[in-house]
Amino acid sequence: MFKPVCRQTVRQLRAASRCQNVGVTKRYMHAPLAFDWKDPLGASNLYTEDELAIAETAESYCQERMLPRVLEAFRNEEYDRKILEEMGELGLLGATIKGYDCAGVSSVASGLITRAVERVDSGYRSGMSVQSSLAMGGIEEFGTEEQKERFLPGMAKGKILGCFGLTEPNHGSDPGSMESVAKPHPTKKGYYSLSGSKTWITNSPIADVLLVWAKLQQTGKIRGFLVEREKCPPGTLETPKLGNKNGLRASITGMIQMDDIPVPHENMFPDIEGLRGPFSCLNSARYGIAWGVIGALEDAIARTREYALERKQFKGNPIAKYQLVQKKLADATTDAAYGILAAYQVGRLKDEGKAAPEMISMIKRQNCDRALVNTRTLQEVFGGNAVSDEYHIGRHVSNLFVTQTYEGQSDIHALILGRAITGIQAFC
Amino acid sequence: MFKPVCRQTVRQLRAASRCQNVGVTKRYMHAPLAFDWKDPLGASNLYTEDELAIAETAESYCQERMLPRVLEAFRNEEYDRKILEEMGELGLLGATIKGYDCAGVSSVASGLITRAVERVDSGYRSGMSVQSSLAMGGIEEFGTEEQKERFLPGMAKGKILGCFGLTEPNHGSDPGSMESVAKPHPTKKGYYSLSGSKTWITNSPIADVLLVWAKLQQTGKIRGFLVEREKCPPGTLETPKLGNKNGLRASITGMIQMDDIPVPHENMFPDIEGLRGPFSCLNSARYGIAWGVIGALEDAIARTREYALERKQFKGNPIAKYQLVQKKLADATTDAAYGILAAYQVGRLKDEGKAAPEMISMIKRQNCDRALVNTRTLQEVFGGNAVSDEYHIGRHVSNLFVTQTYEGQSDIHALILGRAITGIQAFC
Amino acid sequence: MFKPVCRQTVRQLRAASRCQNVGVTKRYMHAPLAFDWKDPLGASNLYTEDELAIAETAESYCQERMLPRVLEAFRNEEYDRKILEEMGELGLLGATIKGYDCAGVSSVASGLITRAVERVDSGYRSGMSVQSSLAMGGIEEFGTEEQKERFLPGMAKGKILGCFGLTEPNHGSDPGSMESVAKPHPTKKGYYSLSGSKTWITNSPIADVLLVWAKLQQTGKIRGFLVEREKCPPGTLETPKLGNKNGLRASITGMIQMDDIPVPHENMFPDIEGLRGPFSCLNSARYGIAWGVIGALEDAIARTREYALERKQFKGNPIAKYQLVQKKLADATTDAAYGILAAYQVGRLKDEGKAAPEMISMIKRQNCDRALVNTRTLQEVFGGNAVSDEYHIGRHVSNLFVTQTYEGQSDIHALILGRAITGIQAFC
Amino acid sequence: MFKPVCRQTVRQLRAASRCQNVGVTKRYMHAPLAFDWKDPLGASNLYTEDELAIAETAESYCQERMLPRVLEAFRNEEYDRKILEEMGELGLLGATIKGYDCAGVSSVASGLITRAVERVDSGYRSGMSVQSSLAMGGIEEFGTEEQKERFLPGMAKGKILGCFGLTEPNHGSDPGSMESVAKPHPTKKGYYSLSGSKTWITNSPIADVLLVWAKLQQTGKIRGFLVEREKCPPGTLETPKLGNKNGLRASITGMIQMDDIPVPHENMFPDIEGLRGPFSCLNSARYGIAWGVIGALEDAIARTREYALERKQFKGNPIAKYQLVQKKLADATTDAAYGILAAYQVGRLKDEGKAAPEMISMIKRQNCDRALVNTRTLQEVFGGNAVSDEYHIGRHVSNLFVTQTYEGQSDIHALILGRAITGIQAFC
């Protein structure tokens, strides 16, 4: 139904990248002069034609295939793992990775994919982020060549699902204090024995390969391990689902309980030690979140605008005529437009190797904060009707709160920025 | 288990009210000098001993009997109608009404009851408000003596459940445009025939008596009708439940679909015409909301404080040590304290006949807004854990958003106040 | 021209207080039912008749005598010390002090005086606060009987001006680190020698008696000293004016530079040691600020309302018709009404000996913050005209910013509250 | 002292523009990877080398020559007209105009100039904006060739000063209702007679040529007139200074009072009629404001950061260590970074002919709002010291409030955006 544009663009992009000057942005030529509330500051002028084509593929898929599933998924906390398979068919997973059957697109293109997915639901985007940025991204950046070849092609197709185990029950904002540990396996030679527990792990209950971070007993340093579910002896790995969530209900979240799992040495990442590894993966994921949440906000704007034009009160005027309603729309539209430009800028810098981690802290934090604040304000326009999930706005609000708290709660990123600005640590 | 203090206090209060100077507040004498974060501005000094006793009864019941039910109720959108019966046994329903087996307590006492209930859940408070303020309050204020005697005693006991049908699908903030109509019944003499539909009606699916507002065809004026479910011929009354709500899930909400219901003349309120009737009922309910939402906020404060003291990050410090956390707690505590004083003041004025409707607009709006804003901010303290419903904070956030939009969305009350301040109407 | 109502009321109040039950508030009986934007939650119902009479005297004086002077004073940074003399004639200085020719009124009455003064200008109120709460209040609370008799009657009349020297150039929020010191005088027996410097001291350039806090060398403990300007040998005391302020320009502010001032032993406060002394004075001043800033906010509301009704744009509609303008007025009016109730409550508790210092932190912080935020928002209504000082609103905005930062910046009070709520110190 | 880089760059830029693909941005290649709080999202990567050189010239001039004058200018409301002459010498006036001795730089370069000036003072930037965008820009866009040649070269050098007369005393946000009128002169043939009054006109008291908008009596349409002061008969033109401003005190503002000024026909703009003319000029000025206010915010950030690092409280810790301080810096830095990217994007689109007026409304509004809000928050870090004008922060706060209200108050732009988003007019 959808032609996998990304696959096609792989070749195009590779060809293009050979002759392309890094840093030269080809602007889309035919933007209209008129103001477009869907793209208020003309960001579409900044994308390459390939990027626009990829965005279109992603948008079509998301609106036509994902959107119809989301209400039931959210109501019942059910995640359809086929979604990742479908995305894999379109080349949307691990899309920035070059080689290994991945599309090798620009960071901006991957941002546009993310935005398209989160326009439908932040939970769906979370499921994809984990697969693409955290699991595949981690393997691509830190894995051995053998690990990459073993996992990435299947993951790109959505046949092998991954997850990312960093956060522990008692160590949310402070993963350096983690308690999970890898010791030499007492009986199996060439194996580590992995124990500990992780929580709030998106996709853990359905993951085939779990990228788990644990301290290597010998060194006390954090290392990355690829745990293959089907190779775990019974009783060593449990990944119970965490239900009764009040947000991201269309994604699946769970724990990872590890009780002396034997993991072969060749499943450990070879060189990376300490928090640099997981933080680098998180950086990629956060970059995606910065794009994604604007998608959710844009959906909220579109739905609110439509509601305000249709809803009539007091002498038959649409409530879109009220100043208080227009101001909410103006504020939200502004923040969406600004958020896209900032995410775009960091995307381009990322591909040029110039994106400092604090830049990503900044856009992750600001875009999540503004998406949340504005979506909440827009929700007011729906009055009492907002309580019905069929208007979708409440779902975005619930989801966006979670995006503000995960992968670095807003205040944590504020202090990361504060440290970068002042040179002084304030996590006392 | 709980002695029905309210029944006792009926007599005490009546006795007291005989010798009490209106306007003279007996202060509670033994307040501690030390700052109490649960009562930061010493409001407990303002309550009479009777009021304090009533508050204690209500608090005990709510914490011991209601709280254990709320998680499941919210998850499954199930309302246990026994709750109203239990509250009836304790004398908590229609508590300000004098006579008809009601407790006849002060408006402040009823506010304290409301706060205790909403400390558990805004949905439970909504269920009670509808019974007490909207249905019983309406009958007491506008009903004939016969209507009062027929309904109020059973309603006070929670044996007869009521609801309040004003809002229609296309007329939320503007009930004056309602389409429900009462015509002379074509066949049954002495009866009206009631048709139309109402939506977002708390308790409608379980109500025994439905107070419905409709336009009397002869005059075009809005009148109030008491529709008794068991007397409705089959097919004339449907009250389908509205599910899939994203807030107030522990209350039950539905529509009222009326198709030529025959209603005897004696079930119409005798004198009241126009919007003055329903607005007066709403005023009472809004007054209760102003107290209630502070209860929810106070619960959020207590839970956040506890979490912040227990949750340790970065070198084992409780996160309560962080300035950013303390500021959130300070802000929330301040707004809770201010909100109580304002609600208290309007309560006293109400009993003295001095409470202008705009005062109630003001406290309903401000307390809902501040409860919502602060609870959202407190939720951030829970970080990723906030997503689990077991921390209760997410439930309060969802609920409080609804309280901000119903019975007058915040902006509507802003414009009511704006009109009172400037003399100019801005609902254009 | 103005009869000194306060003098009269001294007697009345003393008589009244003999038979008055502490904690029993006599409500003013004839409040109108209609909503009054100047008193939105009917606070005037709470004041005694004496309090209302005092408020009226103060309001008349301020509007008729102070207001005409303020524009020039603010423009030129000139303070007319006659103002304190005039206030003294009316009995408005040190008004809560019993005896020593002071009025002995309730804390609520003194709050109403403060509000009346700050309705004109926060700088004028600062000048009065320093005289009444900091200087006279300090002497009354901690002075010897001889000190009280020597200074208070003249200060009550505004003949002797006082100031309060606590803050030092390098120790704003942290006075415990002060460097001013009192040593035994090397040559004069029975004298201390006082050295050090204080800054941002309201009234210091015109003060006759300077209450200065310094560390007693022998003990290292902070003590209070009454420095009489006319008795200081030349060259030992300088009180240069600090000009070029961007707020409180109608008050006079300076430094206190002390270079071996000889101060007789009998001018030291007898018992009080440490920060408890100055903090107690500051508490009283802060209580007054909490009332005062609402006066400034109320003036801003009244001026904005008037401007919005007179200013016409787009087809001759007054801008008061715009929803965005009405919302600003509704918000401001609400915060003013809430702020008064909170200040009132703490005032009553204060007179009952039940006001914890954190309560005063709470109302000082919240009322300053809300007065500032709302006045800034109201200023927007004036559009480009706001830049002219003749609309007065810009002056309030500049002043209110200063009130938010002095006597405990907002964040400092947040952390004081945070400590009281959590039990944990966050001034790391 | 400063070499007029702009003159040099004129030639370079013209050469460059011949071979440059519109829409292709040459990125600056050597940006550091490390996070730079002065350029948090790496915007300097986006400027051409010419733009960077222009920015540097402007920054040097502003910091070395303007900054030392600003405190006295602000205190005394004195504007040194030599500033415009100096800027003219450096080629900074009317810099985007091609020909007529103007530099012909890109809109981004002119934005960088504006930012450099407003980093010192919004008043200085206002003086420049009026000369460059409003007066010169108007002549360049709508003037006859003769008018351009007569005025532009002298204006570019700062020898001829211009101003822009649109706003009238009773018509701030609604210039369409203006009352100024041009009639055929009763006695002088070939002349119009101009009457009416304008207010809040930056530079009017010192302007040599006044671009005045008035209704042509014959058509009732608004037309533009170039009024030359030295040719006005005595008594026909008065331009009194408006003093006692609470912001932009370093700029000079006045009225234009016209009493039958004879203006030759050749001084009227030839074709432009209605509000399109002045609005187009305002659009350019607003574009500049969007850059400028970020300069002021950046200065506030730098000063706050420095103060926070130097100011020590509580055990000698710099207050930069406090979480509450770091959060303020993080927020402000984020908004500055976002604001620059948005202004940059609109600048590029402007040069490509793709900038819709609503885009400029959006960036003018948002950047002014955020600059104001953040600078106010940063001011809190200075505590009581903020009141002294020597910290400069209070001056920025006062100025930025004015920028938020002039050339379209924030709410007006919100409604312009609201109309563009919904298609419905809400200026009722």
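Chains: A, B, C and D, in written order; residue numbering restarts at 1 for each.
Basically, a residue touches a chain if its C-beta (ideal position, glycine included) is under 8 Å from a C-beta of that chain, and two chains touch if they have at least 3 such contacts.
Since this is a predicted model, take the numbers as computed values, not measurements.
When each chain is reduced to the average of its Cα atoms, D sits farthest from chain B. For the interfaces B-D and C-D, the C-beta contact count is higher for C-D.
For this pair, chain C with chain D, the centres built from the Cα atoms lie 41 Å apart.
Rounded to a whole number, the gap between the C-alpha centres of chain B and chain D is 53 angstrom. For chain C, residues touching at least two other chains, in rising order: 321-324, 327, 411, 414-415, 428. Considering their complex, residues 322-324, 327, 428 of chain A touch chain C.
The touching residues of chain A, when paired with chain B in their complex, are 71, 75, 167, 170-174, 177, 200, 242, 244-248, 253, 312-314, 317, 321-322, 324, 376, 379-380, 382-390, 394-395, 397-398, 401-402, 404-406, 409-411, 414-415, 427-428. Only residues 22-27, 29, 31, 33-35, 37, 40-43, 45-46, 305, 308-309, 318, 320-323, 325-327, 329-331, 333-334, 337-339, 341-342, 345-346, 349, 352-359, 362-363, 365-366, 411, 413-415, 417-426, 428 of chain D touch chain A when the two sit together in their complex.
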